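Pasting in a structure now, in C-alpha cells, and then I'll have a few things to ask.
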Amino acid sequence: MLRNLTMTTIILILSLCLLAGTAAATGTYKIGIVTPTLSASEDEFRGAERTAAKHPGMIRHITLPNNFSEEQETAITQILGLGDDPEVKAIVICAGYSGILPAIQKIKEKRPEMVVITAPIWDDPDMMAKYVDLALDTDWVQRGISIPTKAQKMGAKTFIHYSFPTHMAKEVIAKRHDMMKATCAKLGMQFVEVTTPDPTTGAGPSPMLQFLQEDIPRQIARYGKDTAVFGTNCPMQDVIIAKALELKFIMPEQCCPTPTQGYPAAMELAIPKEDAGNFDKINATIKEKAAAAGMTGRLSTWPVPVGYFFPEFSTELAIEKIEGKVKNYDMAEMKKTAKKVAGVEVAFNKMKPEIDNYYLIIMDSIIY
Amino acid sequence: MQGLLRHYNPVTAVFVVLSLTALAVSGMRPVFVCNEVITRFIRDGVMVLALIIPITAGMGLNFAIVVGAICAQVGLILAVDYQLGGLESLALIMIVGVALSILLGYLIGLCLNRARGREMITTILIGFLATSMYQLIFMVGYGTIITPRNPEMMLSRGVGIRNMVDLDRFRNLLDSIWVLRFGEIEVPLFMLLVVCFMALGVNYILHTRLGRHFSAVGFSGNRVEALGLDPRLIRIKAIILSTVIACLGHIIFIQNIGMLNVYTAHLNTDIFSCAALLAGGATVTRAKVRHALFGIVLFHTLFVVSPQAGQNLFGNPALGEYFRSFVAYGTIAVALVLNAKNSDKLPRGPWK
Amino acid sequence: MIVRARHVPQMVIAIFLCAMAGGALLLEIPLPWVINDALVRLAMNGVLVLSLVPMLNVGIGINFGLPVAIVAGLLGLCLTVNWRLTGSLGFTMALALSTVIAVCLGEVYGRLLNRVRGREEITATFIGFSFIPLTNFFWATAPFTNPAMLWPIGGIGMRPTIGLKSYFAKILNTWMPLEIGPLTIPCGLLLFFGLCCLLVHLFFKTTPGLAILAIGENEGYARLCGIDVDRMRRLAVILSTVIGAVGICVYAQSYGFIELYDAPMMMAFPAASAILIGGSTTGRATVAQVVAGTFLFHTMYVLSGPLANDLLVPEMAEIFRLMMTTGVILFAMLHHGGRHARPSETL
Amino acid sequence: MLELRGISKTFGPHSALSEVSLSIAAGEIHGLIGLNGSGKSTLLHILFGSSFIHETGGYNGSCFLDGKPFRFTSPAQAIAAGIGMVHQEFALIPEMTVAENILLSREKGFALTDTLFPRDFSLLDPRKNDHEARRALEYLDLKIDPRQKTGNLALNIRQFIEIAREISRDNLRLLLLDEPTAVLNTADAGNFLATLRHLADKGVAILFTSHRLPEIRGLCDRLTILREGRTVGCCDVRTASLGAITHLMLRESVTKAGRFRSRPTDDPILTIRDFQVAMAGEELLGLDLDVQRGEILGLISLSGHGKLAFGAGVIGQLPFRGSLQLDGATNPPSSSAAMIARGVFFLSEDRNRLGLLPRHSIMDNIAFSALQHDNRFLHPSLPRCLRLPDRRAIRRHGERCIREFDIRCTGPAQPVGELSGGNQQKVRIAHALTLSPRLMVVNEPTRGVDIAAKERILDMFLAINDRAGTTIVIASSELEELRRVCDRIAVLYQGRLHAILEPTADDLLFSRAISGKPVLH
C-alpha cells in the first residue's frame, strides 16, 4: 500500500515537472546542432559549444551515439527529436557519418520549411541535394590532389597511405585514395599503400596503433626520411605525428585537417585554460615545438579545424536564411561569411556542376 | 500499475523511475516521445521476443541473435544484388533469411550443447565469429569469388560491398500500411498487429507441447532425459526458433530504417534487446512475453529521452550519451548480479 | 585423441606462423625487425595476459572484465601525469598508484563475482562493458589540471590520447638495450616482464597460491579442507586486477600514449586468445603458457601485417586474424565442454 | 519375458557389475536386493538406457525382451519399448505442476491444433491434461490437486506422483523401481505395495529394489541378491528364510575375530544430542550419541538412514540442528576450518568429487591441509610472511607415507588421479593423519576398493588408533569390516540411533537391528 502511494506520488510530481518544462517555452526561434560526442571528435563538439556561447539561448546542441555505425536508430531519433521542437527552425548536422539521411527525410516530410544544413554527412550526394537545403563538405576528392602536391612541395619523394578495409569501403575515402595514387603518378612520386588492422571490428583501435608503431619505422627505413605519411583514420594521427617527430618524415595533412588532432597528444601540447580555443596561440605553440624537434617545414595542416569551423559557419548561414537575408546560397556570399568566421581564405567548389546546393571547401594550409 | 507492483522487480522499478525522471528533465514533448516509442516498439519488438524461448529452455540470454540479424542482412543484400523490390520480394527475403537461420541456428545449437553451463558467454563469442565470417564474405568474397549482378552496390574498386546500401525499394514498405492518426500520434496499425501477432506466436509456442518441453529442460536440464525427452534436441530447437525470430525481427528493423549499414547494422542488436527484456522484468532464467513488450516501451523511452535529459541536467550532451550506453550494458550486468542472488537459495557447491 | 583435439588451436597457429615466416623469408622482410617487434610485443602485452592467470586458476574462468583492471591502471597513470612526475620516479609512482586503486576495485569486483557463481564469465564481460561508459563519464568531467592532458579547445575533461614522451614513455623499452648486430633486444622490458612472471610463479608456490590452485581444481574438497573459498576467490580477483593494472602501465609506457575512453573495451579478448593459444584449458594456466601464448599470438600479428600488405590480400589477413582471436576462445569453451566434465574424466 | 545374460559394467578401473544374469516372467514381481554399492541401481539404469551408462563406455552382456535382444542408448527408446522406471533420486521437476509432471512427453493437445499443426506445435489442453493426471492419481488412491506445484509437496507424495507417472503409461510392460519405499511410511508403503500387486496381476513385470527385507518378502515372487556386483543368490521368497537372505546380503560369515578391547572409558570427546542434518536422502532426524575418547566407533545402517550425514554435520559441511559438544565445549563454530583447527577431520564418501586434488601429486595432496592450517612444511630459512613451502620436506614426508601405508605408485610426484581407488584412499588417510587429528570421521572407507587395499586400510585405522590414540568414527555399510576394527558399533535406523552393539554380537542380532527390529539386550 505504502509502495503504491509513493509510486503514485512520484508519477504525479514528475508529470507536473513535465508540464512546467513544456510551458517554459519562449517566442524566439532556435537552431539545433548535431555533432559527434566529445571523445569521438572534439572539434565539431567544441565548434557547436562556441556557437552556443555566441548565440546564447538560441542553440540546442545534441550529440550522436559514440559508436554511431552500430546505433543508427538512436542517431535518427536524436535528430527527429530536434525536429520535433517547434521552436527549432534550422538543423545543422556536423558529423562525418553516412546513414543520417533517413532522419532528414522524415523531418522534411513533416516540416518542409525546416532549414537543414549538413556539414558534412556522407550519404548519396544526389539524394542529399534533394532533401537538404545546403550540403557542405571538405573537398575529399580535391584533397586527393592537393595533399600529394603539398607533400611534394614539402620535399616528399614517397607517399604512404595507411588505411584499412572498412574505411576503404567508404566511397569518398576510396575515391580520394585513387586520386592520390593518380596524382602521385603524375608528380613522379612513389605511392605506397599499407593496410592496418581494422579498428571498427573486433579489438578496437589498439592493434591498428601498435601496427603503425612498428610499421612506420620499417617504411621510413625502406624509403628514407623524405616520405610523406597519410593515415585515413583519426586515432592514427597521434602515432603518425609522434613518429614524425622521432623519425623526421613529412606529415602533410591529417585525415581531418586541424591543429587539434594528433598534435596535442604527440607534442604533449599544454594549452592553458585561457588559451583553449585560441588557434593563433595553438598554432604558434606547435610551430615552436616543431622547430625544437628540428621539424620546421615538415608538418602541416589547416590553421583552423574544419570541424570547428563548420558548426559556426553553418549556423551563420542558417540564421541568414531564417531571417530572410538570403533566399538561395551563392558562393560569393558564403566566401565572405567564411572569411569572417574562419579568419583565413576558404575556397568553394561545387560538388557536381548541376547541383547548386552541395559545396566543397578547401582551406589554405599552414606549414609549421 | 497494480500488476507492476505485484511483480516487483528492482530493475524494472529503477527503469520506471529513471525514464519518468529523464522524461521530465528532458523537456521533450510527450507526443513526440510517444511517437518515437511506437516506432521503436515495432522496429525492435520482434527482436526482443526472440530471446524468450532460449531463456525458457534454460540457456540464458541468447546473444547469438546477432546471427539471425546477419541472416536477414544476407537476404536483403541478395535482394539488392538481384535488384528486387516490393512486397513479394520482401517475402522472398524472409524465406532466404529464415532458411539460413534454421541452418545456422542448428549449428549454434550444436555448439551450445557442448558448452553447457556457460551458454551466454559462448553465444557472445559465436556472435563475434559470425560477424567476422560475414565480413569476410561480403568484403572480400563479393567481387572475387562471387560475381555481383548489381554494380551499384559495389565499391568503386570492384571488390566488396559499400558500407551503406540504400534500400529505397523496401523503405517503410510495411510501416505505411494502415497508418492511423490520433492528433499528432501516428499508429502504423499493420505493423503493430504484426508485432502483437509475433508476441502471440511466441506465447503460443510456450503453451504447446514443445513449449512445455522447453520449460522442462529449462527447469531441470538433463534430468528430463529420464522421462524420455532428448534435452539436446530440445535445446537445439529452442535456438533455431530464436534465430528465426531474430531474423524476421531484423528484416522489420531494416525496412523501417530504410538503409543498410552492411558491416555494422547487426552489431548491437543483441545488447539492446537483452537490456530491453531485462528492463521489462525478465531474469536470465525466467522471461515472459509481457516482460518483452513492457521492456521495449520502458527501455526505449529512456533511450529516446536520455541524451536530451543529459544535456539539460549536466549542460553537456556527451554525458547523457555516456549515461545511455551505460544503461544498455549496465542493465545486463545488474540483472546478472541480481539474478545470481535468487539462484543462491539452491544448495550450491558440489554437494547438491 | 583427446590430447590431440585439445591442441588444435596451437597446431593451427603454429602452422599459420610457419607459413607466414616462410612467406616473410621469401618476400625478404627483414628478420631482425620481426624478432625485435615480436620481443617488444611479448613483453608489452605479456603482463596483461599474465593477469588472467589467478582468476583462471581459482576456477572463475577467463577474466573478460579486464577493463576494470585497465581502468585502475589508467587512473594511476593519469594521476602521475597530472602531478608531472617524470622518469623512473613517475613510472614507479604510476605502478604504485595503480596497484592501490586496483586493490580497491578488485575487492568490489571480487565480491560481485562471488555472488554470481557459475556465471562469472558472462557477468565479468558485462561488468567490464558497463564500466567503460561510467569511466567515460569520469574522464569527461574529472578535475585534472595538467593542460597537457586536457582537451586543447575546451580545456576541461581528458583527451582521448595523452602523450607520455616527456614523462616516462619507453622507459622500460630503452632501459639496458642489448644490441646484437641489427637486433636490439629490449632487456629492461623483458626483465620487467620476467620479474612479473617470476612473482606470479612464486605466488602459486605459497600457501595462499596453493589454496587457490586447489579451489580451481576441486572447490568442494578445498572447502571441506577448511579453506575460506570466498576469501581466496576474492584474493585471486584482486591479484588479477592488480596485475592487469600493472600490465596497462607497461603497455602504455611502451606505446608512448595513455588511451582513455573506449580504448580498453575490447582488450580482454586478444589477451584471452593469447593465453588459450598458450595451451591453457579454461581450467588452469601456468606462466610458461602465458609466455608461449603471448609470443605466438603477437608474432602472428607482427608477421601478418607486412606480409598481407606485400601479398595484396590485406582484408583477408585482417579478418582471418579476427576470426582466429574469437575462434580460439570459442574452441576452448566448446572443448572444455562446460561443467559437465567430471574431474576424473578431465585427466 | 525379460532376460539378462552375463551383464558386466565397469566405471573406469572400478567394476560395478560382473556377469549378472536374471530373468523375469510377465506378471512377476522380482526383488533385487543388496547393500549400497552392490550394483542394483546400475543394473536398472542399464535396462533403462540411461545416458551415463552409454557415456562411460557401455556394458557387456546381452538383454532380451520377449526373446528379442535390445540395447537401449537412451531412455526414450526404453520408454517406447514399454519400460518405465521410478528413480531413487526423483525425476520430477519441482517447478512444474503435478499434472505437467505426470504427463510430460505425453501431453494432450486440443484436437483442432493437433490436426492443423505438427505434433510439437499443438496447443495443450489444460483441462484434458488435468483429467488425465487425476485419473492416474486416482489409481493410486491419491487425492491431490493436479494443478499445484510439485516442489511444494511432501516427499512421500512426490514419490507417489513419480509412480503415478510411470504406471499411467498405456504400453507399460516392465516397471523398474529403484528403492521406491525408502521415503514412504508403513501405511503408504502398504498401500503402494497393494497397487503393485494389482499391476502385476494385469501382466506387468516389476523389478524392485529395496533394503526393506520384510516388504520384499511380502511382495516379491522371487528375488536376486547382489553383492559387490555379483549375483550371490537367486531364490524363491517362500523358501528362503530372512536370516539366510541377510546372510547372503552381508557376507557369508565372519571368521576372523574382531579386535576386542576393554570397555572404553566414560570420557566422551564428542557428545551430540538431537542432532539433525538435512542431507538429501540421508537425513539425520535426531541422533543422540557419545563418542568416547580413544575408541573406534562404527556406524552402520542401510542407505537412507543417516549414517553418512553424521560426518557431514559434525565437520560443518552441512548445517545441523541440535547440540554438539566437542571436548565439553558446547556448539563450537561449525565451519570446516574451525573444526579442523580443533582437531577434527572428515573424509567424505564421495571420493570422486570431494576426495582429492586429482591433478596434484601424491606428496602435494598429503601435505595440503597441514600446509594450509598448521603452517607445517614451510621453508625454514625464509621469513614466515613469504610462506614458501619446503619442497624437500614435503617430498620426504610423501615418501615416508608411501612406504608406511604401502601406496602403490611410481613416486611421490605422480598425480593422484592416476592411482587406483584403494591407493587414492590411502593417500586421503595419509593426508588426514598429517594433520594429526584427535577425532577422525570416515565415511565408507573401503567402498570401491580391492580386497588387498581394504585390508591395508583397516590395518591403518587400527595402527593410528593404537599409536596416536586417535578417535575414529567409521560410517560404513559393510558390517564385516566394522566388526574387525571397531570397539562399538552404533546401528542407525530412520535417522536415529537404534542400538549400540558389540562387534562380537550375533549376526542375526545385527540383521534385526539394521532392519529396525527391536533388539533385546
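Note that the chains are named A, B, C and D in the order they appear, and that numbering of residues resets to 1 at the start of each chain.
Simple rule for what comes next: a residue touches a chain if its C-beta (ideal position, glycine included) is under 8 Å from a C-beta of that chain, and two chains touch if they have at least 3 such contacts.
Predicted, not measured: the structure shown is a model, and the values here were computed from it.
Asks: To get from chain A to chain D along touching chains, fewest steps?
Replies: Graph distance in the chain contact network comes out at 2.
Asks: Could you see whether C-D or A-C has the larger number of C-beta contact pairs?
Replies: More C-beta contacts join the chains of A-C.
Asks: Can you work out the whole-Å distance between the CA centroids of chain C and chain D?
Replies: 46
Asks: So how far apart, in whole Å, are chain A and chain B when each is placed at the average of its C-alpha atoms?
Replies: Centre-to-centre distance between chain A and chain B: 32 Å.
Asks: What residues in chain C touch two or more of the other chains?
Replies: Those would be 136, 140, 220, 223, 269, 315, 319, 322, 326.
Asks: Give me the residues of chain B that touch two or more other chains.
Replies: Each of 128, 132, 135, 139, 160, 316, 318, 322, 324-325, 350-351 in chain B touches at least two other chains.
Asks: Mind pulling the residue numbers of chain A that touch at least two other chains?
Replies: In chain A, the residues touching two or more other chains are 38-39, 45, 66-67, 165, 201-202.
Asks: Between which chains is there touch?
Replies: The set of touching chain pairs is A-B, A-C, B-C, B-D, C-D.
Asks: Can you list the residues on chain B that touch chain C in the complex?
Replies: Chain B reaches chain C through residues 60-61, 111, 114-118, 120-122, 124-126, 128-129, 132-133, 135-136, 139-140, 160, 271, 284, 316, 318-319, 322-326, 329-330, 332-333, 336-337, 340-341, 344, 348-351.
Asks: Once bound in the complex, which stretches of chain C touch chain B?
Replies: Interface residues on chain C, with respect to chain B: 61, 64, 112, 115-119, 121-123, 125-127, 129-130, 132-134, 136-137, 140-141, 219-220, 223, 269, 313, 315-316, 319-320, 322-323, 326-327, 329-330, 333-340.
Asks: Within the complex, which stretch of chain C touches chain D?
Replies: 202, 205-208, 210-211, 213-214, 217-218, 220-221, 223-228, 284, 342-344, 347
Asks: Across the complex, what residues on chain C touch chain A?
Replies: Those residues of chain C that touch chain A are 30, 33, 37, 41, 136, 139-140, 146-148, 150-155, 157, 159-163, 165-166, 255-257, 259-263, 265-267, 269-270, 301-302, 305-306, 308-309, 314-315, 318-319, 321-322, 325-326.
Asks: Okay, in this complex, where on chain B does chain D touch?
Replies: The touching residues are 204-205, 207-210, 212-213, 215-216, 219-220, 222-230, 237, 350-352.
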